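Sharing a structure with you now.
Labels A, B, C and D are assigned to the chains in the order they are written; within every chain, residues are numbered from 1.
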Amino acid sequence: MKYKVLNYKDTRSGFGEGLFELGQENEKVVALCADLIGSLKMNAFAETFPDRFFQVGIAEANMIGMAAGLTIGGKIPFTGTFANFSTSRVYDQIRQAVAYSGKNVKICASHAGITLGEDGATHQVLEDIAMMKALPGMTVINPCDFNQTKQATKAIADYEGPVYLRFGRPKVATFIPYDMPFEIGKAIVLKEGTDVTLIATGHLVWEALNAADMLEEKGINAEVVNIHTIKPLDEEAVLKSVKKTGCVVTAEEHNVLGGLGESISGLLARTVPVPMEMVAVNDAFGQSGKPDELMELYGLKDKNIVEAAQKVIVRK
Amino acid sequence: MKYKVLNYKDTRSGFGEGLFELGQENEKVVALCADLIGSLKMNAFAETFPDRFFQVGIAEANMIGMAAGLTIGGKIPFTGTFANFSTSRVYDQIRQAVAYSGKNVKICASHAGITLGEDGATHQVLEDIAMMKALPGMTVINPCDFNQTKQATKAIADYEGPVYLRFGRPKVATFIPYDMPFEIGKAIVLKEGTDVTLIATGHLVWEALNAADMLEEKGINAEVVNIHTIKPLDEEAVLKSVKKTGCVVTAEEHNVLGGLGESISGLLARTVPVPMEMVAVNDAFGQSGKPDELMELYGLKDKNIVEAAQKVIVRK
Amino acid sequence: MADQLAKKCTFASITKQKKSKIMATIDELKEIASQVRRDIIRMVHGAASGHPGGSLSAADYLVALYFESMQHTPEPFDMDGINQDIFILSNGHISPAYYSVLARSGYFPVSELATFRQLHTRLQGHPATMEKLPGIRIASGSLGQGLSVAIGVSRAKKINGDNKLVYCLMGDGELDEGQPWEAMAYCGGNKVNNIIAAVDYNHKQIDGDTDDVMPLLDLKAKIEAFGWDVLECNGNDMEAVVSTLQIAKEHTGKEKPVMILLHTQMGMGVDFMMGTHKWHGAAPSDEQAEKALAQLKETLGDY
Amino acid sequence: MADQLAKKCTFASITKQKKSKIMATIDELKEIASQVRRDIIRMVHGAASGHPGGSLSAADYLVALYFESMQHTPEPFDMDGINQDIFILSNGHISPAYYSVLARSGYFPVSELATFRQLHTRLQGHPATMEKLPGIRIASGSLGQGLSVAIGVSRAKKINGDNKLVYCLMGDGELDEGQPWEAMAYCGGNKVNNIIAAVDYNHKQIDGDTDDVMPLLDLKAKIEAFGWDVLECNGNDMEAVVSTLQIAKEHTGKEKPVMILLHTQMGMGVDFMMGTHKWHGAAPSDEQAEKALAQLKETLGDY
């Protein structure tokens, strides 16, 4: 199957649409926002379900605590703010009141990564996956386009337990068919191949698909695995692919330290150690710029995946 | 060289002693504490240098901001609180005001890991290494005994830049000679060997040395590398050892996800993929108990390292 | 005897009470509080760790809540607590007091208090939900988070049309944290009217007097400026506590959230633990435990 | 012209001034503020992103600080700022106002304002130190942290025997965060007396009026209860700002920290940006920028 651009949409709008539908379908779903309703695309939910929506002001710690409390009484709270303020600002609150307490809270985080753009490094969190995956019991999901984000938003409402859902700001290609099955914790093999496994998450999945096309032209047959659920990691899918290809490139909009790449390297080191390359931000803060300029500058484009693939194949 | 138990002391006392000496030697050194002076062993400094000591109450975020501000004016601030409240409570503050701002702040964290004991999981942070290593520009140090903690405390005052210094609560074996050279970022090969590399940090270093002895009896010649500086990682030392032994066991008092083990696995996957096993907490929260009971329960003892070594050697 | 008295007290609050009835109950409550204090000493001594100081200062309030003011069903324990009053402990380190009151009011066997802080216990050093100890609805221990959780519970009750109340206790040192002020701003700004919060105002924290560590200044004025009604009472006088809780209830359902400043003494009930911060988080030796227990009447039978 | 006026104003404050001198200066300050407002519009328009609303409401205060009240040396820029007044911006999103004032007072070339938010710029979306833009001493953007940093600077000054002052500006919505209250408690409790803090009290934040998003209630009463002297003035009236800053200075060195509530209007100076929160973080179109600039006199020459 060949993936086509269906349209260009922001993943956060997939979240907004999914949340709004959840509001209609599931009375238990409530939402909280820390003075960023528009940015999080929560307007439709907030306006249609005012009794189930909580504006908490610029007080993210209080928001997480409130969300934990709302589960006591049977609600399914979705919190919304930028990724940095969803994680790094409130890690201890998530840790104690959500993860350790086993509460059914969905932490929904927009503007993750450098594609947030002009606001710069204080807002461009590249460490949130590292933080959230280190929390026992936390499910960590980073969907790749509008459709998958909407699917994920709806899926996590049905899953009982803490979830971190990460998405982004800019309009990007939508290419996942809206009816493609989405299952938490199940990797999706988007393209089969034999020479190298490209494992990508979030905005990098589209780059990986393009990279696979570019590699094809060079006579390299790449397998593209979409890991939308970083934790729990679909180890079986990863190992199955790696056993076939014998080498891996991971791709993510995150610091190379602590992210998906290291999760995969840890898994492989314990099972089948094979050569790996990681396409990720190389332990640096972001900066202001347009999303695409930054993807280019920090080496997160399809061509970087191609280079990494060529390099890793040689190391087999 | 054979390491002997010199005495049993808590690593936090090494910090307290080092800080007190720094107070005498370096006028620029100031210290801040968030209502835990006794636990952090900061009494001597606080009493002797009241003008350079700041009690901030139970307000860790304010403490980090104050520390960042104190560098503007040439001070070298050392902050002290429990490891959980030194990291997970204040990650965004460290991120923006210390790491991204490039401030010369030393974040000193006691009661790290499960050996904190009876207080239980809300205090036993097992994710702090993951968090701190994901921060660009942060130096992350986890010394192994009283002497090394004291050495590290003094060394970081001379180093210009943000540092996270992690130490523990219980009395443990002191075995590093007080005059052994300590250099930030330089691994120490405590014992040479050819069959397997044991890479350990913090309280696990002593366990690794004991494990090496136990392996010796089984005819396995283990190399023991003490990584006190987790970031920047001494890649050269690791690779040199691994090229010799061909397999690795890492050992740390931290979640297996995001810690030293994953850092090593990432490095090896990009260079020389070899079989690895990780001795660490297996993605679980801690609980109340005595330090030793917990080390046993969570599989962080010498015998666990021995098992892991035997397992990894077979996989070579 | 423990169970009978516990039962009686638990349900006493459900029926409307006459003045004489209240007076009788106050004596019973004092008796329970004495036993709770014994439990605290024995638990902390048994574990050789834990926090007696704040546990002793807050004991009377917790007893008044669980045995008099709150409408709650210890068994079967239901996490959601629909149509029950719900209590959220923010200053989790006073777990000994909390556990004792929960056990004595029937949430779990009193004998289990002996497992406090032991490996595999349900009575973790700080309250936790993972081990499923009945009565605990949220973990605490890292300070400053409880009032936020209480607000969430209160909002769920509003949505559910459940007109029971949410109680929350915080330490005074805990108010150094910013998060309680975020939560107070939320309640004041949004006229949350089904929460009764309280502060164990014992003027002590780990490193010393709050006035030395981080002065709270005019705490009442602060909280009032955040939009709350503030009540004050001697938090170690059972009659004052019970009647202040009654007044607080009358403040609910109106325009403002209500906060009770419980003027207490750290270490209350054990002479050598009072007037100092040293017993915030220190366990008594065998001898000290004995000396302490000699001052506390055994009223319901030790565990 | 820009440089001359900038220089004149920068050093005007160092010499003791007579009343008439001040009056003259106020007109100059207003002229500078008009140019700063032009810069803000042009920067945000040029970058097609950024935060004009709060930048415009706070412009007068920043001009008063940098061109009148503060004693500072733009060049050579010294991170430690020994024997200089130091300003810490907490609400980093008003970087356009901050950058303009820094450039206009000689910290870096005015022409560099054109690089705002462009790739590789020293003028990051939010103030940053990494690119070494002179004038910036700490990164901000994540709200709530600046006052804590200011306290640290003030403590360093105390240790160094440096009796210059530390200034800090915060947003009003920013006060929803808990951390500013931790910092305020520190200052009030420890009688920090070399800080002048201020709030851009424009009653607006991203999602709307502060009264709708998170009511601040009686903000003055809150801050006073935290141990501060609180002054108030029209933060968009240059004369009021300058004289209030003068009064604030007289409050320093005494018992209490001092806070100025600057009653301002978001979007001040551009009619269609006032009376709404919509321009908190939105860039004007070409046409809107033109309309805005037509309302703001060019006094020092556009960059």
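In this text, a residue touches a chain if its C-beta (ideal position, glycine included) is under 8 Å from a C-beta of that chain, and two chains touch if they have at least 3 such contacts.
Remember, it's a predicted structure, so these values are computed and weren't measured experimentally.
*Asks:* From subunit A, which chain is the farthest off, judged by mean CA positions?
*Replies:* Farthest chain from subunit A, going by C-alpha centroids: C.
*Asks:* Which integer distance in Å separates the CA centroid of subunit A from that of subunit C?
*Replies:* Chain centres of subunit A and subunit C, defined by C-alpha means, are spaced 41 Å apart.
*Asks:* As a quick test, compute the distance in whole Å between the mean CA positions of subunit A and subunit B.
*Replies:* 30
*Asks:* So how far apart, in whole Å, are subunit B and subunit C when each is placed at the average of its C-alpha atoms?
*Replies:* 37
*Asks:* Tell me, which residues of subunit D touch at least two other chains?
*Replies:* In subunit D, residues 128, 130, 139-142, 144, 176-179, 182, 185-186, 189, 214 touch at least two other chains, as defined above.
*Asks:* Could you pull out the residues of subunit A that touch at least 2 other chains?
*Replies:* Only 56-57, 59, 61-62, 84-85, 89, 92, 95-96, 100, 121-122, 285 qualify.
*Asks:* Looking at which chains touch, is this a line, ring, star, complete or other?
*Replies:* It is complete, because no pair of chains fails to touch.
*Asks:* So in the complex, the part of subunit A that touches subunit D is made up of which residues?
*Replies:* Residues 33, 35-39, 55-59, 61-62, 84-85, 89, 117-123, 285, 287-290, 293-294, 297 of subunit A touch subunit D in their complex.
*Asks:* Applying the document's contact rule, which stretches of subunit D touch subunit B when the two form their complex?
*Replies:* Within the complex, subunit D contacts subunit B at residues 79-82, 86, 88, 128-130, 137-142, 144-157, 159-160, 162, 178-179, 182-183, 185-186, 189.
*Asks:* Provide the residue numbers of subunit C that touch subunit D in the complex, in ascending order.
*Replies:* Residue list for subunit C touching subunit D: 144, 176-182, 185-186, 188-190, 214-218, 221-222, 224-227.
*Asks:* Show me the residue ranges of subunit D that touch subunit A in the complex, using the header's touch definition.
*Replies:* Result: residues 47, 49-50, 92, 117-121, 124-126, 128, 130-131, 139-144, 173-174, 176-178, 205-207, 212-214 of subunit D touch subunit A.
*Asks:* Over in the complex, which subunit B residues touch subunit D? Could you list them?
*Replies:* The touching residues are 30, 51-52, 54, 56-57, 59, 61-75, 77, 92-93, 95-97, 100-103.
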